[in-house]
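Should a chain be cited, it is by its letter among A, B, C, D, E, F, G and H, assigned in written order, with residues numbered from 1 in that chain.
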Amino acid sequence: RRRGFPEVVLCEGKTPEQAAKIMGKMAEKSDNFLATRADPEVFEAVSQQVDDVIYNERGRVIIRENDPLPRRGEILLVSGGTADEPVVEEAAETAEIMGNAVEKLTDAGVAGVHRLLENAEKLYRARVIIVAAGMDGALPSVVAGLVDCPVVAVPTSAGYGTNLEGIAPLLTMLNSCASGIGVVNIDNGFGAAYLASSINKMESLQKYEKDEK
Amino acid sequence: RRRGFPEVVLCEGKTPEQAAKIMGKMAEKSDNFLATRADPEVFEAVSQQVDDVIYNERGRVIIRENDPLPRRGEILLVSGGTADEPVVEEAAETAEIMGNAVEKLTDAGVAGVHRLLENAEKLYRARVIIVAAGMDGALPSVVAGLVDCPVVAVPTSAGYGTNLEGIAPLLTMLNSCASGIGVVNIDNGFGAAYLASSINKMESLQKYEKDEK
Amino acid sequence: RRRGFPEVVLCEGKTPEQAAKIMGKMAEKSDNFLATRADPEVFEAVSQQVDDVIYNERGRVIIRENDPLPRRGEILLVSGGTADEPVVEEAAETAEIMGNAVEKLTDAGVAGVHRLLENAEKLYRARVIIVAAGMDGALPSVVAGLVDCPVVAVPTSAGYGTNLEGIAPLLTMLNSCASGIGVVNIDNGFGAAYLASSINKMESLQKYEKDEK
Amino acid sequence: RRRGFPEVVLCEGKTPEQAAKIMGKMAEKSDNFLATRADPEVFEAVSQQVDDVIYNERGRVIIRENDPLPRRGEILLVSGGTADEPVVEEAAETAEIMGNAVEKLTDAGVAGVHRLLENAEKLYRARVIIVAAGMDGALPSVVAGLVDCPVVAVPTSAGYGTNLEGIAPLLTMLNSCASGIGVVNIDNGFGAAYLASSINKMESLQKYEKDEK
Amino acid sequence: RRRGFPEVVLCEGKTPEQAAKIMGKMAEKSDNFLATRADPEVFEAVSQQVDDVIYNERGRVIIRENDPLPRRGEILLVSGGTADEPVVEEAAETAEIMGNAVEKLTDAGVAGVHRLLENAEKLYRARVIIVAAGMDGALPSVVAGLVDCPVVAVPTSAGYGTNLEGIAPLLTMLNSCASGIGVVNIDNGFGAAYLASSINKMESLQKYEKDEK
Amino acid sequence: RRRGFPEVVLCEGKTPEQAAKIMGKMAEKSDNFLATRADPEVFEAVSQQVDDVIYNERGRVIIRENDPLPRRGEILLVSGGTADEPVVEEAAETAEIMGNAVEKLTDAGVAGVHRLLENAEKLYRARVIIVAAGMDGALPSVVAGLVDCPVVAVPTSAGYGTNLEGIAPLLTMLNSCASGIGVVNIDNGFGAAYLASSINKMESLQKYEKDEK
Amino acid sequence: RRRGFPEVVLCEGKTPEQAAKIMGKMAEKSDNFLATRADPEVFEAVSQQVDDVIYNERGRVIIRENDPLPRRGEILLVSGGTADEPVVEEAAETAEIMGNAVEKLTDAGVAGVHRLLENAEKLYRARVIIVAAGMDGALPSVVAGLVDCPVVAVPTSAGYGTNLEGIAPLLTMLNSCASGIGVVNIDNGFGAAYLASSINKMESLQKYEKDEK
Amino acid sequence: RRRGFPEVVLCEGKTPEQAAKIMGKMAEKSDNFLATRADPEVFEAVSQQVDDVIYNERGRVIIRENDPLPRRGEILLVSGGTADEPVVEEAAETAEIMGNAVEKLTDAGVAGVHRLLENAEKLYRARVIIVAAGMDGALPSVVAGLVDCPVVAVPTSAGYGTNLEGIAPLLTMLNSCASGIGVVNIDNGFGAAYLASSINKMESLQKYEKDEK
């Protein structure tokens, strides 16, 4: 049903054996697939059963991509710093295997707004922007205020105390002063990329109107 | 900066006099504008100062649209029932004044999945779908499982007790089993339509690739 | 007082020694008993003191069933996937030792409603349905909308971020658009099965009316 | 789809005009229906358009029952006091129009356990027991400890401060020390009665086994 | 300032070395002291520096009592079961070293009210009752409904899911239908016993009136 | 069972008619009773049916006290200011009708610790102290640090924003650095006084020991 | 003890009569005072008893300032828009009567960062900056990233849904990516100004060092 | 941009390798820097790459200070006890490397107010006071009531149960009865010291007024 999208496994809640068995079956019929939230033991178990799998440890993602889709359009990934890296990596791997060109801007904090402004062309060139932010979660508001394209916001659990494991930046994003932002679950880099990909691949209004006639 | 989009006023937190004064000024330079969260007293005050304003009472929206944009593409508004009407109306008015064609499917509850399935073509034809749901907030999961296009989910405060004024459906939507959903604030019909509009108006990948070359 | 029901021990909060001692005593007078939330060390300690005990590791359940009750009626267990397995196993073992026939439908997600509809007869044949769901917790709403029999809903802690360790699906279930659902505590497979069993074993209205006369 | 059950309208979130219009239509084809959460203005509007409607003000329920179902079996409604009356009334009206015999025990607080014990036969005779409780929500635990039949627990918002508008008794019920309890939303007398009715009307195991053969 | 009460150390948040050093100093001037929340490593460190210390492992309490106060009056400790044992032990050790006679009734669940009633004389004889309860936290309501003496309620973190690590029974206790209950922090056996001790040691009204004259 | 204590009605959740009817019946057999949470309309209804009733408007308490108990011992009521007055009044009326002497110290804020210290003798003379505090809820910690007698703490909903309608001071009190504090529900002046009264009336240890022999 | 600061009354929780009586007394000995959270009825009552009082209706503040302190230094008030006006007014009145010069920058939203940057000199000239923000509460992060002076952040309850009456911007502020921010209670314009005033009035390090010698 | 302030690294969310690499680069151009939230493994990795680094284990802080700023003014650190030590150490190291003189008063609990009063001169001499408090978080209210200087309050996660990992003292501080308090995130010793430092270094009003002329 997922139009040519690669298959995806969520490893959380599965034993390494269960995960490996599922991917073993998938490898029989698919060249490309993705597994998220995969701890090293899961990759260990999978790599013993399936060939051509690659592991992005920081993003906890397993990739098999024997027949890569061309990378088209551009999804820009914006984040504040190192602590958001796992989410950014999960999003980047997902977007790429789904056939999107990915660009990154990963040290763009709200407390240093100039850095964002210096990268304005990057922001303006993107078709969709994913913004990952922990702590105060203010980055998507500033980004969406600068651009017209759709923004997908991912709160991350980076922070402590009143960060409440990501609830604080989630609330910030849902209450954004700027419009044009869709929010996904805390740390859900996969979901952000999936949504951004479905937006990036939209056909044009012109074509739609012709088709519907 | 907002590419030809009509101006918008949020009336909540403004006195009727303040709201009327702002809209009076806007009317001097804009043919089209929109004001949300406008109670009847606000409309009362505005209509005495500005001409050509229309009031959607259920949606609490004031519209001035002397030079309408053509309605293009299609945004489908799906909801469960009468209690979500205010949010649906706010979203519909916003989407239309921003130049989108709007279709509705407003009695599609999760507890009667057949009704949704019977309207499958409506779902398949839309370029973007906005799903407004209160109570259990399960509707976006079912809809997003049926379609490939981007889904914008708006939790509504319709319900009682553990609905927690919309927190329950919000959480449901953020945790959706289906991918491709971006969530906005509780009862934020305006924000949902704004995001849907920016998606609906995407140019095609083909054009983008030609331009970037 | 519990009409012929097997005795039950909750191991959480007990040391392995305490758990083993209690089950040792129970084994002296009962052929059948059940212990839930038993970690491997608990089973280790118990199996050294009590004979004829079996361990369901995924469900964390210890069973002693030397004089099985006949399996009667039918309780259907519906769930979305592998991550809910521990809860489903706890419920299944509980229902069986209490003398109920158990059927399973374990890969029925809301994001793929067709799979549910294809299994409609399973749903219609059941006397009581237990639905275990994590993430968005939307499954019970869809199931209860399809059937007339009582539905027992168990939220599970499968998910992350705004799942809030099961609070999100719990709220979804309590706010269900569909009627006829009774909810139990997060991950409480035992409690769901206990309630379902007491419903499954109801005598008929006809008999009740004759008796009361 | 709902096996001979009367139709139901939830008035919350509908204007009096909308509610009246819906019931007007229903009256054309149904002898019996029920509307819950109906404020006096709603009844006012309805009674001007539909005949044979009765209003239970304390329960905020409108009933039209021109062809009553026989009252069969027995659902016992237990509650602690006057403040739970609105929920008890909503449940009682729902259960009766759905064809159940209803019995009440309405001044049975946990702080006076003797009163409950004095009414033991009432408890033992019931096929299903609905327990409505606000404040500490402890009543269902005590009741379910005394009986073997299924118990449906409804937390009510009666109380103040840390009652948190019913969240406190809800949590108590979900964490009950006693088994065999299914919980519904805060103040949801309707939902409790609907579930209790579907349990009360179960055919016997014997019949089920014969039919399935 | 604490009238003849033994000194007390709270070990949580202290390194074993810090805890041992503090108790070393206390042992120089006091025959009796108490340390709570002491993990085995703390006891290890302390016992190497201080003599005559005893460790109650289940209660995580270190006691030095070279000059015991006489045990006077009676504080009754009521609890539901094994999982509350750590709290009960902390409370019992605290009450005893402060010079109170302690009685226990430790398998008295709300789901089996008869067990409580069978022990009525124990309840009636006590001067103060401490009730420790996790899960639904309903026990203090039932106990306080049976007696006239002051009841000190301690919610425990025994339970899972919606127990919310003791928040659920805490709320139950604060909302109790029965009057005469003072509540302390979750798992705070020490605080419960300290309060109960200060109540148990009250001089009589008669004496007070004579003194004030 | 309530040893000579006057009867009590909680008016919240009762209609004025219901409240008046209950008090009418009580007046037939009791000289003394108390009704709490009584709005002016309730008093209006009651005073038309029952004679000798007095209304404390600020405390929302109705009192009938035709045969007053002697005021014995001393309960001290400490609070920070005018906003806690309703709770202080509810507590004072309750304590007095139950036969306790009541003293007040009502402008003792934590931000001005000197005022408390200047009133040290008042604090030392009391048998039990009730401390009502909203906002930061810090007062009971300071008071309990100064005295040895039992302290009953009542959080009040006085404050705004993060006061969370009394949750903030409630948490402060449960986490108090000082020992010997029992906490009751937010704004529960009645419950605080009931508990304080049962403590104030304790017979002495000496008498208890003689009786038990 | 409050070094020459005018006296302050918090009217919330006081009846108009109580507030008027207190201010009547204050007027006898003080030329200057301030009353916050004063509704029109309070001002009505006060103005009939005390002369020379002025009412700031939007800020709900009553001022009597017969002997104004000179306005020294500069506190800058930054906010996003009309909905924060009540908080800004409360802060401005407080700061001025305490003898601070006040500047405002009141339409500086995060979604339009350029407006802030255009007003950089205002930001740089201030000695202390108070930032009031509702909705996403992101403004203080951006401001504090631009300046070196201390920033006092006030979350406001402007917003809806997940704004949670100010909890969302509060969390944002506490988790700010930028350092140098002190946060006060939701809507607490008074407290923000009080703190800012005590900072603005600091003597210099040089003087301190000389004095301490 | 940070006026001569040493650079700062937050190690949480970085691997030891990432942290070491960043500090390696910083050491090339800065004599002084600070790294917070550094676990021993981080220090291990850093000390192998960078020379002249010192580790404060209890405060989890790495310091390199080859060209110390003179210690000027005075920041007083007040706390209740050993459990707040990590926060106090983080704050002290931060304040010192930023060039502030630091004084401590670390066993000043609210439950023993006399200890605070005995140290009044320390309180009066400070230019800024940082108060770190867990449990009830009442200390800042008492301190701010005694002094006129700005108070920075840091809630700590020391405590258990209803402490809610620091949420309880956070709320206490935000609701303080005393004015002049700015609050920072839970356990944020760094942020408290940064803010206190920026206040301590204020030039005097006199100088400001001359400069602005």
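We take it that contacts are C-beta pairs under 8 Å (C-beta built on N, C-alpha and C of every residue); 3 or more make two chains touch, one makes a residue touch a chain.
This one's a predicted model, so the numbers in the text were calculated from it and none came from an experiment.
Between chain E and chain H, the least number of touch steps comes to 1. Each chain gets a centre from the mean of its Cα atoms; the one farthest from the centre of chain A is F. For the pair chain F and chain G, the fraction of shared interface numbers is less than half, so the two copies use mostly different residues to meet. Rounded to a multiple of 5, the C-alpha superposition of chain D onto chain G involves a rotation of 180 degrees.
With centres taken as mean Cα positions, chain C sits 41 Å from chain B. Centroid to centroid, with C-alpha atoms defining each point, chain B and chain H lie 46 Å apart.
Our note on geometry: chain B versus chain E, Cα centroid distance of 57 Å, whole angstroms. Chain C and chain D have Cα centroids lying 25 Å from one another. Residues of chain A in contact with at least two other chains: 112, 161-163, 167, 170, 174-175, 179, 185-186.
Contact annotation for chain pairs lists A-B, A-C, A-G, A-H, B-C, B-D, B-G, C-D, C-E, D-E, D-F, E-F, E-H, F-G, F-H, G-H, with touch applied as defined.
The touching residues of chain D, when paired with chain C in their complex, are 1-3, 72-74, 125, 127, 148-150, 152, 170, 174-175, 179-186, 190-191, 194-195, 198-209, 212. Chain A meets chain H in the complex at residues 81-84, 112, 134, 158, 160-163. Contact residues of chain A toward chain G in the complex are 80, 109-113, 117, 135-138, 141-142, 144-146, 159, 161-164, 167-169, 171-179.
Of all residues in chain G, those touching chain F in their complex are 1, 10, 12-14, 18, 37, 155, 157, 165-167, 170, 185-188.
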